[in-house]
Structure formats: structure tokens, C-alpha cells
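Common to both upcoming complexes is chain A, partnered first by chain B, then by chain C.
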Partner chain A sequence: MEIVVCVKPVPDAETRLRASPDGRTLDPEAVKFVLAGYDESAVEQALLLKEAVPGTKVHAVAYGPAPRTEEVLRSAVALGCDQATWVDSGPDATGDPIVAARALAGAIAGLAHDLVLCGKQAGDDESGLVASALGALLSVPDFSCVVDLRWDAATSRFRFQRPVEAGLESWTSPTPFVVGLQQAWNDPRTAKLPAILKSRKATIGRATAAAGTGGESRPEKFELPPPRTGAKMIEYRTPQEAAEKLVRILREEAKVFP
Partner chain B sequence: MPDFSLSPEQQSLRDLARRFARSEMAPHAAECDRTGRFPEEIYRKAYELGLMNLNVPTEYGGSGLGAVDQCLIVEELAHACGGMTTSVIANCLALEPILLGGTPEQKDRILKPFCAEYHLASFCLTEPSGGSDAGGLKTRARRDGDGYVLDGEKCFITNAPHASLYTVFATVDPNLRHKGITAFAIPRSAEGVTPGKDEEKMGHRASSTSTVRFDGVRVPAADRLGEEGEGFSLAMRTLDQTRTPIGALATGIAQAALDHAAAYALKRQTFGKPIAEHQAIQIKLANMAQAVHAARLLTWHAAWTIERGAKGTLESSIAKCFASDAALHVADEAIQTFGGYGYMKEYPVEKLLRDAKLTQIYEGANEIQRTVIARELLLEYA
Partner chain C sequence: MSPTVLVVGEVQDGHLAAASREALGVARSLPGTVVGFVAGSGARAVADEFGRFGVAEAYAVDDPRLDGAPVGARIPSVVAAAAASGATVVVVAGSTLGRDLVGGLAVRWDAAGATGVTELTWTDESLRVRRPVFGGRATETRALLGGRYVVALRPHAFPAPSEAPTPCTVHALPAGEVPPALLAPERTGVVAATRGSGPGLTDASIVVSGGRGVRAPENFRLVEELAASLGAAVGASRAVTDAGWRPTSFQVGQTGRAVSPQLYIAIGISGAIQHIVGMISSRVIVAINSDASAPIFRVADYGIVGDLFQIVPALTAEVRRVRGL
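Up next, the complex of A and B:
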């Protein structure tokens, strides 16, 4: 089986963010970009399927600017992906999800793919559109918020579930198809040191972004939330003391109780 | 020009160590410190990720890292727990005599199976009658047939109760002093090898330290490392390699102390403002930051010197001595920044002081480092 897994470099949760000088976007200068969140789960799921289904190959594909996109692909290779392809967005990409999906679809169309795995949404913009757009652009079915994704060799179909408002839907789908993954079977693994060193020497394939129209949205302004004020830390030694102090503050300072 | 930037490869190694330190080590640091538990499950995970036999070349199953990369990893680990780090890197110390003095046959036979699975090894130099004066060690190696019989006792040996392999320094003739010292690789399974019980320590309580007795232990000549009489030089050359990572370990403790102190200073209010706005605390933090930064750069410089093939005795002694003194000082100032809370075990900084203290003592006490620094220095003026 051939699995393509799409990954996007997103700011590390521990990075301190700031706006870029033009005030339109996040300033990438000071940011550490990583493979994280749902994308990390998608890679984990791809690798679990590879372990479960003999002969499976996993190909990581990412669209974005240098150097972060190549770095995130190396992380995917260190985790166990067999190959990687970088679709260069150039330095001035706007981050429009349709543009990203078109670029990814252009690259994926040229690769063998029974399953295209994406995180259900990216850890930064959380737009959650790329998986569905890929389905449309590749003319294959797509499903989002997928959990418990399993290959059923007997029927040559994938089985999976989707948690919805009122319960859990169970589905099957023929291949090829696109999945926006909510959760892998396991917590994502950690790459081992020898694999990290080896991934530095891996060849990252290059593809150019497909041209097309649509998806010209661009951000106007990027602002960080104003620093929070008024938070009060309660120091305490016992839960009893914490509760007493909290009640006193609620009563005397916040005047929530008479 | 020297280049202080880290390559993408070095950044990813550091990220791996940081992630492991924060997610696997830090959550257990306080508990292991309190109870003295040896968290073997954490050491096993460190092994599985490739964070254990850092200095062993990949052909023998290690990670094959250079000195700078080792320092980057050790600093990150020590930021989470000095004691666990001591136990994680003890293999590097114990295996270095084999790397430096072993024949290709010995490396193949001893290192390959050792590194292929999770195993701990211990470096056995110090004895109850003295650590600094290693030339005067008393453990005897008597020639016997085609091998040796060892008798004696070692003390303060890191990981000894859990190790499956010991590198042991013994003398074939005490009258020869340094020139009689000979190194051996001895499996725990050899008859007459008895590790003692875990010592109660001030700090590094997640690590394990004990005596090891050798009573009539037969060692085949094939397990002697180097020639008879080469053991002392092998021990010193080993310490030349491993001293710098101790500087990195101390830097990690110091950085942790600074991180805690700065975060606390922004939060704690006195006289109507955060203590970080009182100049006395600002000066403290500024001095701590200088010490941490200098410790890191000295460590990197020593590692860089060694990677370029030099012995680096002077540079590594300076790095280890400075970084360990800095760690003690910065941990002390972190406690002062916390005030009374700093003195309480409930807060993380008093542990850092206790952990920092060891870095001034082991792998050559700082008095010995200063003796070495002065000797190397004066050579340049003589």
C-alpha cells in the first residue's frame, strides 16, 4: 500500500510569538517550527499502518517555504517515513489553504497513493480545509475527523469511525481516498537519535507548486492577544487554606457574594 | 572565525534531549530525589532513544557523537535532573577506557553485545583510601597463569549496584605507583565481584552509588585494557574526554536554577511590585545569567578543542571547574531569590544546590582541577 501523509510546519507551542514588522502575519524570524498536533498523529497513523500492512510505503509531502518545510519533512523521515517531497511555496506564500491544497494535490497526483493522510486541521491556522480540498482536487472521497482507521484486507477497503455530535459513525471507503485524521491509535512516537542523524542525510524530493486560480485570500493584520491583567495567584499550603483565601477574595474584592 | 551557531543536526539532537528531559525525566525528578529511587525505566527509555552510549562509535552500537554534541545533550538532560543525568552518562565514562585502550577484538567482543541491549557499566577508579591520588590505589592484580587475580575494594562507584560491566583500575605492583596501574574490563558475573549497597547521598539521589568488592576475581589476560602499567594514563585520558560533559551537566543545573529564579521573580510581589523590579534582584539575575553563559561557552570551547583532536586537558579542566563553581553559586542565588520558599523542599531550587555540589567533587575534585590548570598554565611561562 502507498500512503501519502501531508505535514505542515507550525510554531512550537513553547515559542514566544510576535507580529511581523508589516503587522500582517506572525514573524517567522524568531519562531521554531515543528511537526506537531494532528499532523504528528497523521504521521504516527501512517507508520502504524505501515507496520500493520506488509509492503506499505509512507511518503511525506509538505508545502511551504524554506527552511522550515524541509526541516519538518526531515522530522517525518526520522520518525520512519520512507520518502519525502517538498513543494516550495517561495518565501511570500500567504498561507491560503486552497493554494496549499492545490500545490499538494499537484505533487500527490504524480505519486502512487492509496491513502492520503492529513491532520484534521493544522496546529497554527486551524482552518481544517486542506483534506477536503485535496479530495475535490484529486477527485476522490474525503473524510474528516477520522479515528480508528484500519485496513480491511478481506474487502480491500479502509474502515474507520467519525465521532459526531450524537455518537460515533462507522464507515468504509475504497481506495484511493483522503483522510483528515483526528486521532491515531497511539500517542505519536519519538524519533530515535540514530534515525535523526540518518534523516539529516536523506534526500528530500522537490516539486514545484501547481499554478491555478482561486484562493487569493491574504491576512490583513496579525495581533497577539493583549497581555492579561488582573490574574491573582493564591499562595497556600493546604487546600483548605486555598479555599478560604479564594472565598475571601470573591466576597471582599470581587464582591461576587454579599 | 569560531562559529557559535548550531547546525540543524545539532538542533535536532538538542530538541530530542530536551523533549526527553521534559517529558520523561522532569516529572519524576522530585519524587526520585525524595525517595532515592533509581528510575531504571527512565534509563531504559534513554537507552532506547540512543541517549545513553553517546561516545561509542556506531559500528559498536553506540550513538557515535562528538564532544560538542554530547555536551548539548547532557546540558538538556541535566536541566531536568542532575542525578538521572549522572546515571545516564555513566556508561560514557565506564566505556571510554575500552574505546581508548581496547584492541579491535576487545571492542568487538565487549562493546557490541553490551551496546546491543540496555546495560549499565561502571568506572571503578576511586578507593576508600583515596580518590584524588589515583596513583596510590591499592586494589591488587596478581599475575596468575594466563591471567590475573584481583583483590580490593572500590567506593563511590556510580551505577555499581545495577551494572553488568566494570572497568577496573588495579595495580600489579604498589611500589611502582602510577607505573603499576593496569586497567581491566570485568563482567558483573565474574566470581568474587560484589557491589555494595546504595549509599544515602546529599544530592543526585536518582543516581546510585556504592562500593564494589573484588575478592579473588580471576580475569583473563584477554580482558586487560592496554599493557600492564598503562592504566593510569588510560584513566587520565578517559577523564580528559569525560570532564567536559560534566561541565555541561553543571551548566544544565545552573540554567535550571536561573529559569526558576527569573520566573519566580516576575511573579512574587513585595512592596507593591514584582521582586524582579527591585534592582537588587535584577543584579542577582544578571550575574546568574553571566555565569550560566560563561559556563556554557567554556564547555563548548573545551568540546570544540577536543573535537579538533587536541587533548584539551587545560580547556576541559577550566570548563569543568568553572561550570561546577558557577552551578553552585547560581543555585545558591536562586534559593536566595525564592527567599524562605527556596529553602523548602516543596520548591525545586534547594535540590539544585545539592545536585550542583557534586559537580565540584567528582571526575576530579576542583582542587585537583586547579592544580592541573596551574600546571598547564605555568608550562607556558617556564
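Up next, the complex of A and C:
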């Protein structure tokens, strides 16, 4: 089985967010970019499938600028991905996920792909657009919010579930298809030091993004909310008084009482 | 020129879903004409309901094949409806189905797309969207370019529109050509969501979550009783789902669900960053915790420092009293 996993370099969760000097985007200066969030789970799921299904290869693909994109691919290799391809966006990417999907599809179309794994949403833009765009671009089905993804050798189909508004859906699908993964079977593993050192010398394949057509978006403003000043604390003598005060506040001040 | 705006409606219990009505309200706030669209079995009858909200024209693709098919199978119908109506803007609800449509439709219809939108404005022939990013820690504004636009809203970010009944003409459309690959996956079952468990969570306008502070699985009913009194969904921190006190479908946070209700009540939850990113964009946050220095109080709007075993039952009783339950 050939698995492609899409990983996006995103700012480390601890990053202090700041707008760039022109006010349009996040200031990438001094930001540490990492493989994080749902993408870590997508890589974990790919590796779990590799361990479960003999003969499986995992190919990590990422679109973005130097040097962060190549670095995030090296972390995927350190975790156990067999190969990696960097699709260079050049320095002035607009950050539009559909544009990213077109570039990724260009690279993935040239690779064997029984399964394309994406995170449910990227840790920065949280669009959840890339998996569904990839489905359309590769002319295969796509599914978001996937959990419990298992290969069923007897039927040559994957089985998986999707928690959606109506309930927990169960699906089976033949390959190929695209997944926006919500959760892997396990918590993501961490890379071992020898693997990290080895990944520094790994060959990262390179592709250039073809000029796209169709719609796109441009960033105009990046704003940080005024810092939350901390909770307004409710003073009380008895639990009943605390309850009465809170209900009054929710009704009259916050206006969120049902 | 003002655009024609196509609202993709979703069916819920045989009616136009509440989330789709929100989408309709947003579409009505743009300049231009609003048309409706519904696909799936029973689409025709549901499309009629657009008339209740002042929409005079709607398109229906009444094809049961779409009900259990992957989202991609619906895209040819939406493209056909956009062509038939001359729409250049498509607005969908912030539901799972709505969000899932955007990427594929943007590709197939050569449009610019955005999800999780909390503000939508039409200026100089183009659409500008505002949306939270980084788990609600920042907001971005983007200009969508290219002449065709598809946007999914953020759930609960908009009020439902008032009714303004008008006769609605419903045009029937065929589902268009659905590639066989899109009909090969099979939905083998759906276990209906019980109110308060996982899926209802992302939908609810009030969420009451419990953390390790409840100490034992049987005490979690305190959280559930408060939720029931408020008509809220029940959530949990990962400490609770890891311990197996409640299933993982209840988990709010980085590796669980992201929720953005009007009101989020965190009970016995410390406020680890992985939990915060899943609930920070809630409109009003209340925290109940015995530790005055718990980080949850830094993101909460209102806090009660106290023992949840005393505060929560009192709160449930007060809510019931005020609501006449």
C-alpha cells in the first residue's frame, strides 16, 4: 500500500502571535515552525497502517517556503516516513489553502497513492479545505473528521468512522481516497535521537508548483484580540448566592441564558 | 453589480436545518438576490421552506443516491444550480457537510473559498471574509478574488433570520453526472447522536464541560444535570476521556472537538493550552474551580472559586428554578 501524508509547517503552539509590519499576516520572524496538531496524528496514522499492513510505504508531502517546509518534512522522516517531497511555494505564498491543494495535487498525482492522509485542519488557518479540494483535484472521494481508520485485507477496503452532527457514521471505501483525519489510534509518537540525526541527511525530493488557475484569496489583515483581562470573579458567602449571582449575570449582563 | 447568492440548504429531521437558516440570514445581508438549493431525498419539500424566509426561487435535486454518498457526489448538483441561477456567490452553513463542500466546490467551480467565516462583506465586486485562526487566538481578513466565491460560516456566529414568507418557485434539477468512483464508498451505518454526547457538542449553543476535578465517573452526573437544566451539550477534558469516565467523543480541545458556543461552562478543568484551543472562541466562558490560580480563569469571562460539589448542584437548582423546570 502506498500512503501519502500531507504535512504543513505551522507555528509552535507556544508561539507569541504578532502581526507582520504590513499588518496583513502573522509575522513569521522568530517563529518556530513545527509538525503539529492534526498533521502529527495523520503521520502517526500513516505509520500505524505501515506497521499493520506489510509492504506499505509512506510518502510525506509538503507545500511551502524554505526553510521551514523542508524542516517539517525532515521531522516526518525522523518519525518513520519513507520518502518526502517538498513543493516549493516561493517566498510570497498567499497562504490560500486551495492554492496549496492545487500544488500538492500536482505532486501527489505523480506518486502512487492508495490513501492520501491530511489533518482535519491545519493548526494555523484551520480551514479544513485541503482534503476536500484534493479529493476533487485527484477525482477521488474525500472524507473529513475521520477516526478509527483500519485496513480490511479480506475485502480490500478501508473501514472508518466519522463523528458528524447526526451521529457516528461507519463507512467502507475502496482505494484511492483522501482523508482529513481527526484522530489516529494512538497519540503521536516522538522521534528518537538517532532517527532525527539520520533525517538531517535524508534526501528530500523537490517539485515546483505549477502556476494555478481559478480563484484565490489574499490576506489583508491579521488581528489579535484585546487580551482577555481575566475573569470577573463572583464573590459569595454561600453556594446558593454564587448560583443566583451567576444566573443573574448570564441573563442580564452576558445575555446567554437560554 | 450585485451578485446572485446561492444558499445550500441542509435537511435536518425533514426540514431546513437551523444552521442553513443562519446561512440564509447572512446571504440576505449581502446586496443582491438570494436563491435556495437543497439536494438529497425529499429535497423538493424542503426547498419550499426557503419561501418562509423571503426567498422566491430555489433549486432542488431530489436524488436519494446523494444521501449516503461522499460529499463529492453533491458537487455537480451545486455547480448545476449555480449555473442555472447565475449565482457567483455560494454560502453554506458551518456544519460538517457545509465545510466539506467548500474545497471541492472551489476546485470544480473555479472559485475562491473560505470556511469558518464570521463576517462577510461585498465590496468592489469582491467578497471579503473575516475568520478566526490559531484556535481563536487571532483573526484574519482575506479578500477572495476571481469572480466566484464559496464560503462556509462559523457555526453559531450569526443570528437566525426572521421569517418573511413569500411564494417560492422550486426548480427541479438532475444530480448531474456523478463519477462512479464517488459512489463506490459505502456508508454502512449511523449511530444517532444522543443529545449531549460528541457530535451534538459542536452544534450546541451552550456547552457544559467537566474535568478531572469531578474525581470519579459517577460524579460526572453533576455536570450532566447542569447541562440538562440548561439544554446544553456535555463536554469533557482529556483527563476525563483518558480515564474512560466518558467516551472520547466528549473531548473538547486540540485532539478532541473545537466548540464555539454562546456559553461554555468549564467545571473542574485547569485550563491547559490543549483544552483552551478547543473552546477559546466561545462567546462567554464561565469557569468553576477550587484553585484561584487555575489558568482557566485567565481565559474565562466569569469565574467562581469554589468546590464544584457544592457550587454545581446549587447552580443546577437555581437554573431549574429560574427556568420553571
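In this section, the second predicted complex is superposed on the first by the 227 of 258 C-alpha atoms of A that agree within 3 Å, B and C clash if a C-alpha of one lies under 4 Å from a C-alpha of the other, contacts with A are read in each partner's own complex, and residues count from 1 in each chain.
Rule of thumb we're sticking to: a contact is a pair of C-beta atoms (placed from the backbone, for glycine too) under 8 Å apart; a residue touches a chain by one contact, two chains touch by 3 or more.
Keep in mind it's a predicted model, so treat the numbers as computed, not measured.
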*Using the superposition on chain A described above, determine whether A:S20 touches chain B (first), chain C (second), both, or neither.*
neither
_Contact-wise, after the overlay, does A:T155 reach chain B, chain C, both or neither (first, second, both, neither)?_
neither
*Which partner does A:A254 reach: the first (chain B), the second (chain C), both, or neither?*
second
*asked:* Which partner chains sit in contact with A:N186 here, chain B, chain C, both or neither? Use first/second/both/neither.
replied: neither
*Please determine whether it is chain B or chain C that touches the greater number of chain A residues.*
C
_With both complexes superposed on chain A, which partner does A:M233 reach: first (chain B), second (chain C), both or neither?_
both
*asked:* In the overlaid three-chain picture, which partner chain does A:T208 touch, first (chain B) or second (chain C), both, or neither?
replied: neither
*Please work out whether A:S139 is in contact with chain B alone, chain C alone, both, or neither, and reply first, second, both or neither.*
second
*Which residues of chain A are in contact with chain B in one complex and with chain C in the other?*
233
*Sort out for me which residues of chain B touch chain A in the complex.*
8-9, 12-13, 16, 19-20, 48-51, 58, 63, 267
*If you look only at chain A, which of its residues touch chain C in the complex?*
11, 13, 17, 25-26, 37, 41, 96-98, 101-102, 123-137, 139-145, 162-174, 177, 183, 187, 213-225, 228, 230-234, 236, 238-240, 242-244, 246-247, 249-251, 254, 256-258
_List of chain A residues in touch with chain B within their complex_ = 67, 71, 74-75, 78, 190-194, 196-197, 199-200, 233
*chain C residues within the chain A interface of the complex*: 12, 70-72, 75, 95-97, 99-108, 110-116, 128-129, 132-149, 179, 181-182, 184-193, 198-200, 202-203, 205-206, 230-232, 248-249, 254-255, 258, 262-263, 273-274, 277, 283-287, 297-306, 310-311, 313-315, 317-319, 322-323
